[in-house]
Each structure stands twice: as structure tokens, then as C-alpha cells.
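Labels run A, B, C and D following the written order; every chain starts at residue 1.
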Amino acid sequence: MTSLDLYVWAGVVVFLLALHAVVTRAHLLWKVLAINLMGTGVFLILLAAPARRDPMVADPLPQGMVLTGIVVAVAATALALGMALRVMARTGSPFLTVDPETEEPDPDAPEPPR
Amino acid sequence: MTAFLVGVAFFLVANLAGGLVRVIRGPTQADRVIAAQLFGTTGVAILLVLSVAADSRPLMDTALIFALLAVVMTVVFVKRGWVRAPGTPTAPEDA
Amino acid sequence: MTDVVTTGLLLDGLIALLLAGLAFRLLRTRDLFEAIMLFVAYGLTLALAWIRVGAPDIALAEAALGAGVTGALFLNAWHRLAVRAGSDDRLPMEADP
Amino acid sequence: MMGPSSSHGPGVSSPSPSGDAPTGPDASSPSPLLRDHGERDGPPLLRWLLGLFLVPVGILLALGLKGAAGSRDPRIPDLIAKHLPETGVSNPVTGVLLNFRGYDTLLEIAVLVAAMVAVWSLDRGQRHFGLPASASASGGAGGGRPFLSAILRLAVPTAFLTAVYLTWMGSSEPAGAFQAGALLAGAGVLLSVAGVLRPLTAAALPVRIVAAGGVAGFVVTGIAVLPFTGAFLAYPEGWAYPLILGLEAALAVAVAVILVELFVDVPSIPAHDAALDAVDPYGDPLGRALAPDPSPADPEAP
């Protein structure tokens, strides 16, 4: 058991917790949060798992990939938030699934012609 | 000496775990923000301690970023996180 | 020297535990504002973890992006929803139920 | 949380049957927009089963990763260390990002531009300015907000200085264009949130030019070195360092602008703004739906 193993375990735990939440939680913003956390779990594994010569210095290659991943994740988060907010503004509900008993039919369906 | 410094860092991280209680239990939004800011300020302290322990300058740079980002979070909270009294439809920007 | 290793292991274990705990609470809580604040805290803790893993480049990016910009994005969305929720939103300084 | 009793708050049946807009002050059940009571989270039994299923998955995953790490020999780090002097920089991560995997970074900044355009097009109503008019009408950093303006005066120049420092040091120390860009974006977010800066949306020409500048810089550099080295983005001998530094500067600015745009274009016009309807009646910015107007998706043409 080394320090790096601890972070691998943390990455696995965070990834699976977030996966569980993505599947089970209906609120769109929690889904966005959970996908973010899944990404960070993957990053943790990616940086902590590979074997290294010097335990104090991580591989430059995974570092470059993770750096790219973090920046892209922020862009994806912004896009996901924008789409989630748009859904909420149109339906007034933070959930993607429409309950047939209580909800009106999708108000977005009849798009006005341009 | 290094062991001592890492021990200090451990103590500071333990403080973070204590601050986590305030983030979770609130009860007001301000409590939560302040407790989240604790992660920033204590993070600065941890990074500085570790930078001395490991004798590395990049850690100090990271501490600087932490400090600057704390300002961003605070201002964003004050401007965006505080919603005015119920029923006011206007933007709280010019509060 | 082994002192450093042991203390370092303790430190890493605590950070890893903190990460897992923050993630757990973040994903289980019902209050959106709390979740966002936990997300910011998670980002800052993750930056510490990057330092311990030996990736200061990532730590810099995570501190600025993961915690700062993403947190601001989420707070912005929260603000938008709070205004949308409008009348049944509680007073800002009031305690949560 | 996972228990069936606690997951059903007082608001199971209280959301208005129209499905739209919390209609009245109902203190016992705040809007599900801000407090998720878990009514839609699916049956608790299924959630528990999924959780139980994920436990062995996690154990297998961790054990597998441990085995994989043990069996892999660290050849790539050695290769990178061996060829690092040829990249013109001494920070291996910068060498990987801008030299060995230059394509990767080129496509990354392209993805950022695409995300910026996508976010902007989600909310076409905000054609001209990202913030409501009241923000800048209240007099910038000065009027009546001495503390905020003092903080801004301290933090923003420091952030700029640090960003330049990070870009400059990126060739030798752990730092670089993306970190600097993120920090600059933090400063930009600060200024736009405080209402000092009234940032243009992604529709504005300067924003588009700067945002595309990162991609364009990469492509132009990649093609310009073709006659000398015969390969796209393969820097000629001796030119690697200045080229990388120039690309990093362009990248930092582009990343900063794109991130600020992502922030500015997502946020809302909280109240209904008739001026925007006149600009783009079908844009349907969130501001319209936020307004108390009962018919947000009005099909009739103006």
C-alpha cells in the first residue's frame, strides 16, 4: 500500500459513486455535477495508477492528457449547464423525464416556424 | 524537519475535514460559502507548508492561484449567490 | 526518513478520504447550493491531491478551472434557478428548513 | 436519501399540475429547481441494487488497475526524458502538449471554440451584451461599492501579472498556457460579474477573432514549418522555443476569452426584457421564460 494506491482507490470510489448518481438521480444539475466527478475520478486513476521510476514525479504523458481533459471538461460542463437550464426554462421542471400524470405534454414540441 | 512539516500539513487537512461539517450543515448560505473558502485559505497554508517541505516553487505558484481564485469565488457568490427578498423579479446586480 | 513516509501516508489517506467523503455527500445531498459549495471544496482538495501525486501542472489547472471557473458556472446556474423559482425561494439570510 | 421514507418530501403531489412554474409561496416545499426531493429518482430498491452491484465492480477495477500498473514498464517517460532537449523546452508537460502531441492541443482548442459557439447558440437572445443593462448602468466599479472596487483593483492586476508569469515560466516550470488562460478567465469572470466589464458575447467580431486565434496560430505555424521540416507542426531546429512561446501566448489569450464567453453566454437575463424580443422574437432567451408571462412559447408571429 503506497500513497499512489490510496489515490487510485479514491479515484475508483469517486468514479463509481458518481456513476451511481448519474444513473439514479433525476435532477439535471446533479447529473452534470456527477459527470464532472466521474471525469475527476478518471483523472485520479490516470495519474496515480501508472508505474513510475520516481514516485515524486508523474508521467508527463498522462499529465498532458489530463490537462487537456480538464480544460475540455469545463467547456463540456458549460454546454451541459446551458442545455439543462434551457430545458428547465421551457418545462419549468429540473427533470428530463416527463411524468405523464402530472405534466403537460412537452411544451417544446410545436416549434413556431421561422 | 520534513516529517514535522508533513505532519503540520496533515493537521491542516484535518482542519479541512472539520470545515466540511459547516459546508454540509449550513445552516445559511453564507456559512457554506465561508466554509468553502476555508478550503481555499487552508489550501494556501497546506501548499506553502508542503512547498517548504519539498523545496519546490511550483507549489508556491499554486498557492498564489488558490488565493486569487478565492477572490473570484467570493465576488461571484456575493453577486450571484445572494438572491434578494422573495418576489423581486429584477436582477440583484445593482444591490 | 520513514517518519516522512508514514506521515505522508497519513496525509494522503486523509486527502483521499476527504475526496471520497466530499463526493459522497455532494451526490447525495438534496440542496443544490450545498452541492455546489461541496463541489468547490472538492476541486480545491483535488488540487492538493494532484500536488501529492506529483503533478503540479495539473494542480495549477485544477485550482483555476476545476474549482474557480466551474464553481462560478454552477453558481451562475444556481442564481438563474433561484430567480426562476422566485417567490417560494427563502430569504437569503434565512436558515434552511 | 436512499430510504424510501425520507426521499419523499412534503412536495410529492404539491408541484402544480400544470407542470410549469412554481405558482405560489409554499414555504414547506421549495422549488425542485433548487431542492431536489428525489421524487423522480427511481425506486429505492433499484438504487440499492445498483449500489450493491457497483461494489464488486469497484473492487475488480482497483485490483485490475493495480495489476496493470505493476506489469507496465515505464518506457514512455524515459522516451520523453530522452527526447526532451529536442523540444526546445525543459518542462516535460509543455513539451508533450505543444511538441510531441501538438495535434492533440490543436484539436483541444478547436473543441473549446466549438463549445463556445454551441453555448452561444443555445441562447441567441443575448446577441449584443452578456449582462443586463442594469449591471453597467450602476456606474462600474466605483459608485457606492468601495470594497468591491478595492478588491478588483488588487486582484485583477495581480491575476494578469501572474498569468503572464505562468505563460513565461511554462517552458521550464510546471505552468503553461492553459493555467494562465484559466487564471485570466477568472479575472474576466470577476470583472463581468462585478459589472465593471460588459463583455461582448461570442457574436462579437473581436471575440471571434481572438478565440479563433488559437486555432489559427496552430494551423498557420504548422503549415509554415512544412517547407523546413516536411511535417505538420514539426518545428525546425532552433525555432522550437520561440514558436512554442508564441503559441502559448496565443493559446492563453484564446483560452481565457473562450472561458469567459462560456461563462457570459450561459448566464441569464433574469427578468423579461422586451428589447431582446424586438431583436430576436424566436430566440427565446431564458429571460422570457423567467418572466411571469403565462405563454412563454408564443407561436404567433409579431
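The rule we apply is simple: a contact is a pair of C-beta atoms (placed from the backbone, for glycine too) under 8 Å apart; a residue touches a chain by one contact, two chains touch by 3 or more.
In this text, all values refer to a predicted model and were calculated from it rather than measured experimentally.
Novice: Using C-alpha centres only, name the chain that sits farthest from chain D.
Specialist: B
Novice: C-D versus A-D: which has more C-beta pairs touching?
Specialist: More C-beta contacts join the chains of A-D.
Novice: Using mean CA coordinates as chain centres, what's the chain A-chain D distance in Å?
Specialist: Inter-chain centre distance comes to 13 Å.
Novice: Nearest whole angstrom, what separates the Cα centre of chain C from the Cα centre of chain D?
Specialist: 17
Novice: Taking the mean of the CA coordinates per chain, how far is chain B from chain C in Å?
Specialist: The computed centroid separation for chain B versus chain C comes out at 9 Å.
Novice: Cα centroid separation between chain A and chain B, in whole Å?
Specialist: 22
Novice: Two-or-more-chain contact residues of chain C, please, as numbers and ranges.
Specialist: Within chain C, the residues that touch at least two other chains are 8, 15, 17, 28-29, 32-33, 56-57, 60-61, 64-65, 68-69, 72-73, 76-84, 86-90.
Novice: What are the residue numbers in chain B that touch two or more other chains?
Specialist: 58, 61, 65, 69, 72, 76, 80, 86, 89, 91
Novice: Among the residues of chain D, which are close enough to touch at least two other chains?
Specialist: Only 22, 25, 33, 36, 38, 93, 166, 174-176, 178-179, 182-183, 186, 189, 193, 259, 262-263, 266-268, 270-271, 286, 289-290 qualify.
Novice: What are all the touching pairs of chains?
Specialist: The set of touching chain pairs is A-C, A-D, B-C, B-D, C-D.
Novice: For chain D, which residues are in contact with chain A within the complex?
Specialist: For chain D paired with chain A, touching residues are 15, 17-22, 32-33, 36, 38-42, 46-47, 50-51, 54, 57-58, 61-62, 65-66, 68-70, 72-74, 76-78, 80, 92-93, 95-97, 101, 104-105, 108, 111-112, 115-116, 118-119, 122-123, 176, 178, 182, 255, 258-259, 262-263, 265-266, 268, 282, 284, 286, 289-290, 296-301.
Novice: So in the complex, which bits of chain C are touching chain A?
Specialist: 8-9, 12-13, 15-17, 19-20, 23-24, 26-28, 32, 35-36, 39, 42, 46, 49-50, 52-55, 57-58, 61-62, 65-66, 69-70, 73-74, 77, 80-81, 84
Novice: Quick check: in the complex, which residue numbers of chain C touch chain B?
Specialist: These residues of chain C touch chain B: 3-4, 6-8, 10-11, 14-15, 17-18, 21-22, 25, 29, 33-34, 37-38, 40-41, 44-45, 47-48, 51, 56-57, 59-60, 63-64, 67-68, 71-72, 75-76, 78-79, 82-83, 86-96.
Novice: Chain D touches which residues of chain B in the complex?
Specialist: Listed in rising order, the residues of chain B that touch chain D are 57-58, 61, 64-65, 68-69, 71-72, 75-76, 78-80, 86, 89-91, 93-94.
Novice: Per the contact definition, I'd like the list of chain A residues that touch chain C in the complex.
Specialist: Within the complex, chain A touches chain C at residues 1-4, 6-7, 9-10, 13-14, 17-18, 20-21, 25, 27, 29-30, 33-34, 36-37, 40-41, 43-44, 47-48, 54-58, 63, 66-67, 70-71, 74, 77-78, 81, 84-85, 88-89, 94.
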